[in-house]
Amino acid sequence: MNDLPVLSVLIAIPLVGAILTAFLPAGMARLVGLGFAGAALLWAAAAALSSYTLDGGMQLTETHAWIEALGVHYALGLDGLGLLMVLLTTVLVPIVLVASWHEADEAGNGGSRSFVAWVLALEAMSLAVFTATDVFLFYVVFEATLIPAYFLIGGFGRSGRGRAATKFLIYQLAGGLVMLASVIGLYVVSANQGNPSFLLSDLAALDIDPVTQRWLFLGFFIAFAIKAPMFPVHTWLADTTEKATTGTSVLLVCVLDKIGTFGMLRFCLGLLPDASQWATPFVVVLALISIVYGALVAIGQDDILRLIGLTSLSHFGFIVLGIFVFSSQGIAGSILYMVNHGIGTAALFLVAGYLVRRRGTASIRAMAGGAETVAPVLAGTLLIAGLAAAGLPGLSPFVSEMLVIIAAFDHAWWAGAVAVTAIVLAAIYVLWLYQRTMTGPKVDVAGPATGVPSGATAVPSGPTAVSSGATPVAMRDLDAREIGTLAPLLLALVLFGLAPMPLLDVINPHVTDVMSDVGVTDAPPTVTGSVSSQGGHP
Amino acid sequence: MELYTPVLALALLAALFAVGSVIMSAAVGPKRYNRARLDSYECGIDPTPQPVGGGRFPVKYYITAMLFIVFDIEIIFLYPWAVHFDAMKLFGLVEMVIFIATLFVAYAYVWRRGGLEWD
Amino acid sequence: MTSQLTTLATAVAAEDGRLSVFGQDPWWLILIKAVVIFIVLVLLTLFNIWLERRVVARMQHRIGPNVNGPFGLLQSLADGVKLALKEDLIPKAADKVVFLIAPVLAVVPAFVTFAVIPFGPEVGLPFTDRTTPLQLTDMPVAVLFVMAIASIGIYGIVLGGWSSGSTYSLLGGLRSSAQMISYEVAMGLALVAVFLYAGSMSTSEIVAAQNPGQDYWFNVVPVPTWYAVILFPSFLVYVIAMVGETNRAPFDLPEAEGELVGGFHTEYSSLKFALFFLAEYINMATVSALATTLFLGGWHAPWPISFFWEGADSGYWPVLWFFAKMFVFIFFFIWLRGSLPRLRYDQFMAFGWKWLIPGSLVWIVLVASIRLVTLEGGVDRTYMYAAAGIMLALVVLLFFIGDGEGASDTDRGLATTDGEHDLAGDGVAADDFAGGFPTPPMPTGGAVRGAAAPLTFADRTSRTVAGSAADSTTTRSDEEK
Amino acid sequence: MTEFVKPVVDYFELAPLLVVFGVACVGVMIEAFAPRAVRYLAQVVLSLVGLVAALVFVVLIAQDAPVHGKGAARGILALGGTIAVDGPTLFLWGLVLLLAIAGLLLFAERHLDGGVSAFAAQAAALPGSDAEREASKQGLDHTEVYPLMMFAVFGMLLFPAANDLLTMFVGLEVLSLPLYLLSGLARRRRLLSQEAALKYFLLGAFSSGFFLYGVALVYGYAGSMDFVAIGEAVRNDAANRSLLLVGMGLLTVGLLFKVGAVPFHAWTPDVYQGAPTPVTAFMAAGTKVAAFGAILRLFYVAFGSDRWSWQPMMWVVAILTMVVGAVLAVTQTDVKRLLAYSSVAHTGFILTGVLGVQATSDLAAGEISALQAVLFYLATYGFATLGAFAVVGLVRDAGGEVTSLDRWAGLGKESPIVAGVFAFFLLAMAGIPLTSGFVGKLAVFSVALAAGAWPVVVVAVLASAIAAYLYIKVIRTMYFDDPIGDGPTVVYPSVLTATTIAVGAAATLVLGVIPGPLLDLAGLAGQFVR
Amino acid sequence: MTQYVVLSAILFTIGCVGVLTRRNAIVVFMCIELMLNACNLALVAFAKQHGNLDGQIAAFFVMVVAAAEVVIGLAIIMTIFRTRRSASVDDASLLKY
C-alpha cells in the first residue's frame, strides 16, 4: 500500500476548499467549491477502487501521536462501513451544492459563499468522523461537525431557523457532553489497566467489567440516539428539516445522522459488546417505537419537509433495530439501509425542495395538488423517491428493509411483526403525499391555487412559507440542473435495488468483523432469496 | 506576668482618683442653670449647629493618621532589630537598609504629592 | 526574614531572666510603691505649675504667685480647690458618656507610664531586711510599654475634643492628636539608637548600660557614656519630639488661644478640666523622666560628684540625682515657653515630617553602621561601602526632595485650579511667608462639615480662621489625591 | 541568647519576585518625581520591561532547576523554606507573567475612550463634581495604576510560591489590596466602580480574616507554619484533629473566596461588572491562577496525606459551584456579569481537577496527573477570559462600554471579526473541541474520574451542557438576532488591545489543536517540592 | 492556654457576627479588624504553647497587613462616603442583577 496518507488528503481536500471559498467572491466560490467537492469524490472513488481491498479490517490506516500526555493519536482508518459512508458523503455533497445553487443567494440568507464554505467544512468533518480510529479524534470531529451544521441551519432557510439551529445545537452538544463522559471513562479505564490511550485498537483490547461497560454504553448510546434521532430524543429533527434549506436537510439527515448509527456500530458494538447485548431489549423496543411512531406522525404531517424528516425517524428505527438484533443479516441490512436511506431520502428531500420552491409553500394542503399534469418529471421523481422510501421491491431500500425485518423475526417474532406494520404505514404516507400534492385538477399558476378547499386551513400554514423574498417560481417542470442532481440518486436507487451485491461485498467482511467483536456467531450473511431472485448472484 | 501586676495596681489607683474627681466635680460644684452656658462656646455668639456625631473634618488628618500607622509599624520592626542588632551584624544592617529604603519610596511619594502639606 | 525574626524573638523571650529582681515584691510593697509614685506625681504637678509660673514671671520681669504659702507654693493647690468648687458643665451638644470618660482616659495613662521609670538602684527597705529596686516594675519592653500607654492618652484628648460637640474642641482635639502621633513617630525613631546601643528595651538595663565601670581620661574627665553625648542627634530629636508630644510651647497649637480658644478642652470646666491639666503636666514629667533615664544615665550621679564621692550611687541618694536631672528638663520646658513664639501649624507639621523623621531614619542607619564597625574592628569593606552608598543616596534623596518642594513641582498642575494653594503649597518649605503669614488663606469653598454651606460670616474672623483651615485642607487634599 | 543563623537568600531563584517588586517601587518613584507628561510612557515601558525581564528569569531558572531531594520534584526551597521555587511554581509564574503582560497592554490602552485610559481622571474627585470635570478636561489620569498592578502581580507571584502559611497570607494580601483599589478606579460609571471596590474590599477582608484564623488554628495543630512540617504533623496525626479540621475549613474558606467558588462567589459578579474592564480582565485571569496555585500547594503539600478529610468537602463545593455558576449565568443580561458567572462555573471545573489528586503510585505510566490537568486548565482559562474581557472593552457607545446583552444583538452583522473572536472565546469556554477549553475540560474530568469522583464528573458534564446553552444563546444573539435600536459601535482598538486579543485567541486555538507541548510542560513541572 | 484560644474564638465570632449584621461600612470594617486581632491572640497563644515564635512573628506581620488594610479600606469607604454621604452598605446597591 502506498504510503501516501490517502485519508488525510481526502479530509484535507474539502477543508482547503472551505477555507479557500470563504475568501472568494460569491460567484467563483460556488464553482471552486463544487470543484473541491468533485475532487473529493474522485479521490474517494479512486482510493476505494485502487487501494481498498475487500478483506475487512481497518485499511489505509495512518497513526501519528497527537497529545502524548493524554495518549491521543491522530489515527485514521477505513473499513467497509466507513468506506460506504465516505462514498455516500462525497457523492451527496456535490449534488447538494448543485441543488442549492441559487438558494443561498436569496435575501435573508448568508450568501452562497459562506454556504459553500460551511458545506465543505461539514463534509471535511464528516469524512474525518467516518475515518477516525481514535476515540478522542472521533469525538473532536464529531463535535466539530456541529459548528458548520449550526451555521448552515441558522444562516440559511426559512424564518425561525435561528431557534431551530439553537435547538439542534443544544441537543447535539448535550449528547456530545454525555458522550464525553464516556470517552473519558474509556480513557480512565485504559489508564487503570496501565496503558492510557484513546486508540480504538487499544481500547478494543480492554476487558471492562460489566457495570462500567453499561455506564459507558449508556453515554455513547444516548449521544448516538440523539444524533440518529430515536424516539424520545428526536424532536429536533423535524424542526430542523422544516426550517433549513433542503440542501442542508440532505446533509443533516443523510450524512450527519448516519454518524449516530455509525457510532453505534463502531463504539457500542465494537467496544462494549456485552453492554450492547445487555441493552438489546431496551434498544429494540425504542427502535420499534421510532419506526411506528415516525411513520404514524409522518402520515399526519401537513408540511412536506417535516413529513420527510419524520419518515427518516422511522427509517433510523429500522437501522437501529437491525444493528441491535445481533445477526449478520441484521447488521448487514442496517449498513445497507444506511446507504440506501442516504440516497433515497436525499432524492426525496431534493424533489420536495423543488416542489416547495415552485409552490412557494411547504404546506401540502396549500399546494392543493394538481402538479403532475404540469410537471410530470417532477411528479415522477417524487413518486419513485417516495416509493423507494416506502420500500417498494426493486428499489434498493427494499433489500435492506427485508434483511432487517427478517433478522428482527429471527430475534423475536413480535419485533418483526411490529416492524412489518411500518411498511404499510410507509406506503400510506407516501401515496397519500403523492396524491395530495400531484394528482387533482391542473394548477397552472404559481403559489397556493385559487379555490383551495377550505382556504382557512391554508392560513396556519403561513409561517411555513418560504423565507423572505423567495417569490415562487412559476410552476414548471424540473430544469436540467435539477434533473442532473436527481438522476444519479434515482439511478443508484434502481441499480442497488436490482444488484445490491457490490455493496454487500464491501459490507460482509465488516459484518464478520463486528460479529467477531460482539462474539455472536451465526451463518455468514447470505443474501436472502428475494434479493437473489433479483439476480444478485451472478 | 507578675511583672505587670504593679502596673495594674497603679492604674487602679489612678483610675480611682480620676473617676472620683469626675464624680466629685459633679457633686461639689454648684448648679445654676443657664441656657447660654450649656451651649458650646463660640466666642459668645450662637453656635453653628453640629451634625450628629461630630462634623466632618479635613481629610488631611486622615492622611496624617495613615502615615502614622505606616511609620509606627516600621518602628515595631525597628525595635527588635535594634535590640538584637549585635547578633545580626552586617546582615541585619543590610536588611534594615533595604527595609528603610523601601519605606522611603512610599514616603517620597507622599511628600511629592503634597501629602505632607498643611495650608 | 522569618527565621531572622525568630532568633530575635527567642532572644527577647530569653531576656526575662535578666530582670529577676523585679516581680519579687509582696503585695503591700507594691501598694506602697504605687501610692508613693501617685503622690509624688500629684505633688510634682502642683510644684511644676508653681515653678512654671514663677520662672516665666521672672523671665517677664514679674513676680508671679507669691501669696499663698511660702513663695506662693500653695498657689496651685488653691487653684485646684477653686476648680473643684466650680460648676461642672456638660454642654447639651456633648456626647455625655464620652465627655465624662475622656478626662479619665487622659489621666490614667499619664500616671501609669511612671511605673517603669527607675528612681534608683536596689535599696534596703527600712525596718525590714528585704531589698527592692526603686522602681515599681520593669519589663523587657518597658520603653515600648511607655510609648504604648502614652498613646492611649491621646484617645482621651481626641474623644474629649470630639465629644464636646463644638468646633473648637473638635479641631483642637484633632490637631493635638495629629501632632502627638506625628511627634511620637519621631520620638520612637529617636529611641531606636538607644536600644541599639543598650541592647535592651528595659529601662533599668538601659540605665545600667549607660554607666559601665566608669573610667576617666587622665583619671579626671569621665569618658562620656551618656547616650545624650554619644547619641547626640537622637537626644536632640527626642528633646524636640518630647516638646511636641506634650503640646508644650512652642508647639502648643492645640490650645492656640488665638485660633482655637482653649483647644480640645474648651468645653471642660471644674475638675474635669483639672484632670486634663494634670495629665498634661504629668506627661511633661514623664517625658522628662524618660529623657533622664534614656539619655542622662538615669539615677546615676553626674560627674564630678561620681568622681569625688564613691557612695553617691548607693542608698537613696540616686533619687536626688534623678530628680535633679529631671528638673533640668522641666526647666527647659519652661524656658522654651518663656522665650519662644508659637509655630504655625503647617510649619510645625512640616518640621516633624520633613526633617525629624527622615533625619532620624538616616541617623539610625548611620548609627547602625558605626556600631557595626566598632563591633568587628575590620569589616568587609565592600559591604560597608554598599551600606554607606545607600545611606548617602537616602540623604541626597532627602535634600533633593526638600529642594524639589520649592522648585516647580509638576503636580502643582493640580493646584493650578486656584493659584493661592499653589503658593501655599510650595511656600511651606521654600519660604514660610508665601502663604500669607500670619493670616491663613481665605476659605476656598467646599464644606467644613456635613452639608453645611461654605462659611461666609464676614464679621466672624475667628470662625473663618478655624473654618478656613478645614476648607482649604479638604479641597486641597481632594486635589492631591 | 540563641545564636543568630543568617538565612540564605537565593537571589537568582527569587529574581522574578524581586524584579517585579523593584519595578513597582521604581514606578512609585516615577509617580513621585517624573513630570506628569512623561509618566504614562515611562510607567508602561518600565512595567513591560520588568514583566518581560521577570519572564526571562523564570525561563532561566526553569532551565537549571535542580532535582530536589528524591523523586519527581524539581526546584529549591528558597529563603529558609518560606518560598518554594519548583516546577509548578515556575509554571504558574510564567503563566501569571504572561497574563500580566497581556493585562498591562489593556491597562495601557488609550485609544478606545478618546485618548484617555479606562481609569478615573481623579479618583478623589466626587463623581459629577466640577473637580472631576476639570480633571477629565485636562485629560489627567491615574498612572498609579501601573505600580499598583505591579504590586498585585508581585502578590500573584508570591501567593502560589509561598511554602508556609504566613508567607501565603502575606501573598494573599499583597495580591488583594491593590486589586481592591484598582477595581474602584473606573472612569465611566464611577459609582458602580466604587461600590464594586467597597464590596470587594469588605468581603475580601472578611475572607482573609477567616484565612488568618485558619492559619492560627493549623499552626496551633502542627506547631509550625511550614507546609512540609504541617504535612509531617498531619501524616503522623499529631495533636487533636478538631483543630486541624476547623483550621483546614477556615483556610479553605479564605482560598475559595479568592477563586470565587460557591458559596463564596457573591462578590464575583458585582466586582467583575463594576471594575474597569482591563482590571476585570487582569483580575479574572491572574487572581484565579495564583489562588489555585496556592490551593494546590496547600492541599497537596500540607494536607496531601489527609486527602480523605478534604476531598468530600471539595466534592460538594465543586458541584455547587458548577451548578450555581452555570444556572445563574443563564439568567444574566449583562455581558460582564455573564462572564463573571461563567468564571464561577469554571472555578467549579478547576476544582473538579483539584480534587482529582491521587497518590503518585496510583497513576499509570503516562497518565495525566491532577496537577498537570489543573495547570493546563488554568492556562486555557486565563487566556480565554482575558481575551473575552478585552473584546467586551471594544463594544462601546457614547456612554462608554455597552455591556447589556440585548444591545449586542446583531453584532455579528455589524463587525463580524470582533463578534467572531468573541464567539470563539465563548466556544472555548463552552469546551467545544479544537478550542483549548475542550482539552482542559477533558483533562480535569479525566483526572477526577480516575480519582473515582464520578458523581462530580457527571454533574460537571451537565453543568457544561447548561453553560453551553448559555454561550450559544449569546452567539445566537450576536449572529441571528436583528439589532434593536442604535446598536453599539465597535471601536477599533490600538495595537495594544489588538495584541492582547490576538494573543488570547491564538493561545486558545493553539492549545486546542496542539495542546501536547503545554501539557508536557505542565507534566514536566512535576510535583511540588516537599 | 486553652482559655486564650477560647477567648480568641469568641472575639472572632463576635467580629464575624458583627460583619454579618451591622450595616455601617465603618462598623463592619472595625469588626473585621476585631477578627484579625482575634487571630493575633490565637497566634500568640499557640506560639506560647508550642514554645516557638512563629506565631509571634506571624502576629507582627498580621499587624502590618491589618494596617495596610485599614489604610486602603478607609480610603475606599471614604470615597464612597463622600460620594453618597452615607456609609451604609445597604445604600450601596447599584450592582444587582
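All chains are identified by letter, namely A, B, C, D and E, in their written order; residue positions are counted from 1 within each chain.
Going forward, a contact is a pair of C-beta atoms (placed from the backbone, for glycine too) under 8 Å apart; a residue touches a chain by one contact, two chains touch by 3 or more.
Since the model is a prediction, treat every value here as computed from it, not as a measurement.
Which chains end up grouped together through touches if chain A is skipped?
Once chain A is set aside, the chains that still touch form a single connected piece.
Would you kindly count the fewest steps from chain B to chain C, each step being a jump to a chain that touches the current one?
1
Compare the CA centroid of chain B with every other chain's and tell me the farthest one.
Max centre-to-centre separation from chain B belongs to A.
Please tell me whether D-E or B-E has the greater number of C-beta pairs in contact.
D-E
From the centre of chain E, which chain's CA centre is farthest?
A
Which chain lies at the heart of the structure, taking centres as C-alpha averages?
Measuring from the global C-alpha mean, the nearest chain centre belongs to D.
What is the distance in Å between the mean C-alpha positions of chain B and chain E?
Averaging C-alpha atoms per chain gives centres 20 Å apart.
How many Å are there between the centre of chain A and the centre of chain B, using C-alpha atoms for each centre?
Once rounded, the distance between the two centres reads 83 Å.
Rounded to a whole Å, what is the gap between the Cα centroids of chain A and chain E?
The computed centroid separation for chain A versus chain E comes out at 65 Å.
What whole-Å value do you get for the distance between chain B and chain D if each is reduced to the mean of its CA atoms?
40
Among all residues of chain E, which ones touch two or more of the remaining chains?
52, 54, 57, 60, in rising order.
Quick check: what residues of chain C touch more than one other chain, meaning two or more?
1-2, 4-5, 7-11, 404, 411, 477-478, 480
Two or more other chains touching the same residue: where does that happen in chain D?
In chain D, residues 1, 3-4, 6, 33, 123-124, 166, 225 touch at least two other chains, as defined above.
Could you list, by residue number, the parts of chain D that touch chain B in their complex?
1, 3-4, 6, 25, 28-29, 31-33
Flag every residue of chain A that touches chain D in the complex, lowest number first.
It is residues 66-71, 136, 139-144, 146-147, 151, 154-155, 161-162, 165-166, 169-170, 173-174, 177-178, 180-181, 183-185, 187-188, 191-196 of chain A that touch chain D.
With touch defined as at the start, can you tell me which chain B residues reach chain E in the complex?
59, 62, 66, 69-70, 72-73, 76-77
So in the complex, the part of chain D that touches chain A is made up of which residues?
364-368, 372, 427, 430-434, 438-439, 441-443, 445-446, 449-450, 457-458, 461-462, 464-465, 468-469, 472-473, 476, 479-481, 514-516, 519-520, 522-523
Quick one: which bits of chain D touch chain E in the complex? Just the residue numbers, please.
123-124, 126-127, 165-166, 169-170, 173, 177, 180-181, 184, 190-192, 194-199, 201-202, 205-206, 208-210, 212-213, 215-217, 219-220, 223-225, 269-270, 273-274, 331-334, 337
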